[in-house]
Amino acid sequence: MGNTGGWQKMIEEISIRYLDCFRDKHLVDPIMIEGLPGIGQVGKLVAEYMIHMLGAEKIGEIHSIYFPPQVILDENGLARLARNELYFYRASGKDLIFLVGDHQSTSNEGHYLLADQYCEIAEELKVLRIYTLGGFGVGHLVNEPRVLGAVNRAELRPELEEAGVTFDRNEPGGGIIGAAGLMLGLSAQRGIDAACLMGETSGYLVDPMSAANVLATLAKLINVPVDPTKLNDRASEMEKVIEGLVEGNKMQKDEELSYIG
Amino acid sequence: MGNTGGWQKMIEEISIRYLDCFRDKHLVDPIMIEGLPGIGQVGKLVAEYMIHMLGAEKIGEIHSIYFPPQVILDENGLARLARNELYFYRASGKDLIFLVGDHQSTSNEGHYLLADQYCEIAEELKVLRIYTLGGFGVGHLVNEPRVLGAVNRAELRPELEEAGVTFDRNEPGGGIIGAAGLMLGLSAQRGIDAACLMGETSGYLVDPMSAANVLATLAKLINVPVDPTKLNDRASEMEKVIEGLVEGNKMQKDEELSYIG
Amino acid sequence: MGNTGGWQKMIEEISIRYLDCFRDKHLVDPIMIEGLPGIGQVGKLVAEYMIHMLGAEKIGEIHSIYFPPQVILDENGLARLARNELYFYRASGKDLIFLVGDHQSTSNEGHYLLADQYCEIAEELKVLRIYTLGGFGVGHLVNEPRVLGAVNRAELRPELEEAGVTFDRNEPGGGIIGAAGLMLGLSAQRGIDAACLMGETSGYLVDPMSAANVLATLAKLINVPVDPTKLNDRASEMEKVIEGLVEGNKMQKDEELSYIG
Amino acid sequence: MGNTGGWQKMIEEISIRYLDCFRDKHLVDPIMIEGLPGIGQVGKLVAEYMIHMLGAEKIGEIHSIYFPPQVILDENGLARLARNELYFYRASGKDLIFLVGDHQSTSNEGHYLLADQYCEIAEELKVLRIYTLGGFGVGHLVNEPRVLGAVNRAELRPELEEAGVTFDRNEPGGGIIGAAGLMLGLSAQRGIDAACLMGETSGYLVDPMSAANVLATLAKLINVPVDPTKLNDRASEMEKVIEGLVEGNKMQKDEELSYIG
């Protein structure tokens, strides 16, 4: 054979595959909800909880060479590529499209390419509004985590404030990194409204408490009720775990003191 | 001459060169076995041992700008580019294609591009099944290393379990990184069955003991007997070395104690 | 739908958008002034101060996948992509084009691509000269920071020296990194004159003192007067802050000594 | 203007510019000598010394986005892009082409692309043999540094050994990194003979002693006499500096001892 000649890249840098079930689906005033992994996994917790509770239907998969180069195993040892997923739910009067997944990009450029692709999907599906969800790490435990907001058009702010979202002049000071941020900027260029809801969180732990607050706010905004019981339960459990840790820490300190004494 | 004008990239990002000996070879139910460098060099040890013991014939070379930018010298000072290699062995009723080599990709994106190229080769050669081999690092010495498995189609699992492969709900928790993992995911997209065999290993040392177990399992699965004597010998030597290290460590501790005493 | 087929990158690696206000503007002997983020933020301080004091008009925006993957929030929570900006000011007998922005490239290759794009803009706008502004970090506080210079054509040097710019045989020894440097080299290839003005600075702090000196030098060179009062005020404030730090440090040392004594 | 539409990359990833003086030059049995920056700057010292002593003529420049993103200043403050250069010298019966420069690639992929481009130049100029020069770091001072060799065709070895080059089974163990190595592998694919000469060196210091040995060996191999006096002088100076350091170190230790005593 000798040299096989010019190599051709077969794999796409980003590939979107819609499932057949989604073929010819006519969408009604769709809203896109992004909940990819990030600080405190807040966005991921909210979006995946909604998918679970609403019984949303999977409609597509996204693979990319910008995801980490690995496969993920399910409990049966079945391997699949790292991926993002699209889910669909028909609420009364509006359709919801969820964007969730395993990972974000491993490179800076990949972040832009992926986020723009997500906006391309939103444009193709004629999405009216995008909500991106995330955590805002403050570096310490937060007793009553607020939901901070950002928008890509000034006119969107009052509606969010009415739903209880805080706009803080100084936070988040460093901007918003990754898909939750970039989708705001990149969708604006396509004329799509987008808002980001960020739950305050320590940044050290998966934070269902913060997620529960973001969920309540989002449900109000999109007017789609989602029973928060299970997420609240998980938040309560987490709270106990943390109390235990704090208590244990305190006891340890007391012991140290008595030992010294 | 002045400016020579538009630069053209001459080098291919990935190049596959088949040796002339492989021209027009008609393959019978080929199975591909990947054993590239990785944790404990387990996969590499198994695949290279099989090539050596079976007397498999080299049929191709793969070069890539995603490999480390270096040449490797043989004992005579002859330099060659870092590369991967393809070997061929005609077993009774089936052909084996081995994929071995010096390195994996140095970049995340390169991992995807290379692994997809390996699957492209498998598809071109009409490979029926891919076995990827690797080590699963547990962080401590393992007395009786198990062979853990992963598959890219659920139906493949029983066959592996019959051959002694363990499917552990929780391991490997973090997925499988690099070619051994990606080839499972990417070959599934091409409709090729693939399984990964991972030998438990500390992750700190080259591990012929773990490799011997993977070899025994693979030989059973593909029904191609390979005399394990030399690999077992190497494993025994390694075991003595480790015992020596442990013993030495223990003696040192005893000495320290007697010194204190 | 199944696979949507070949993915197409929609986003440009670098995009330049001119505002409509700039349409058909006829430029007179334009000079470009680059003040992107860098050491001591010296260049950024000078260029943004000039834009502010002269009331220069925004004429364009530059976005790129080589900028950090984030959005920046204004005080109202309005998000926008990281970007660079072009400003325009009609001085008597000449037009000024300012290049300022949030970030430089996150990758080495991106630095080249962006800097070349900036030179492409300069060439399109028929810019006669480029001034790139920056800081030159010396690693210690500088009482009377000099303005060091570099040129991309030997004949430009006397004019700069006349304006008080120092050309030091040995500094900056390591060359000039980023846009301020690359634009000199890349504009030379397009036949555009360019000079770099670097204010000496510690490298540890934002340095309005150094910036005030660069401003004075640049204003002389382009013969466009800019009232330096506010920048000098800021420099004075900064000086007091630093004096306070040094004093505090001294006092602390004295205390330590008296404590020892 | 609005959006200017599709961005086009103007800058080439690698650009080669030959000077006009080189136009129509007919080359006689050309030999290429690569001496880019590397361990101990050995290769760079040798090639630049030869250019200087032979009075070789500059014939071309290479720029690349894979070089560090910076300009380099000459003693007059004139800035130029980081670059590599080609020099030409007509020896009796053969022509020499030197490849020297400021930097090697900053990325792994860039190393391959640049080294292949250097080989492309060699092929265009019908180069008969390439010598790549480098240092081989041993981690300690070497009194009588050997010249180690590597070749890209086994038949080249005897000629090198005759000239005093050592071929050591075990060194350099890790292969040869960067242009000096890759050019051996990549030129082999183009059918061009190439050898690498590596001077043993500590790896911590610029090493004219090691360079002098490589120079002597290379001069013998290409049969082009080069007066080594100045390089030997520099080596002698360096030797005194090091002796001083060692002596000083010894004295310091003696002092410490007497202080204790």
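Here the chain labels run A, B, C and D in written order, and each chain numbers its own residues starting at 1.
Definition applied: contacts are C-beta pairs under 8 Å (C-beta built on N, C-alpha and C of every residue); 3 or more make two chains touch, one makes a residue touch a chain.
None of these values were measured; they are calculated from a predicted model.
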item	value
Relative orientation of copies chain B and chain D, as a Cα rotation angle in degrees, nearest 5	90
Chain copies touching (chain A, chain B) - same or different residues, decided at half shared	different
Chain located farthest away, centre of chain D as origin (C-alpha)	A
Cα-centroid distance, chain A relative to chain C, in whole angstrom	36
Whole-Å gap between the CA centroids of chain B and chain C	51
Set of chain A residues in contact with two or more other chains	13
Interchain pairs in contact, sorted by label	A-B, A-C, B-D, C-D
Partner chain C, residues of chain D touching it in the complex	1-4, 6-7, 9-11, 65-66, 68-73, 75-82, 106-107, 110
Touching residues on chain A, where the partner in the complex is chain C	12-18, 20, 22-23, 105, 108-109, 111-113, 115-117, 120, 149-154, 157, 167-169, 172, 174-178, 181-182, 184-186, 188, 196
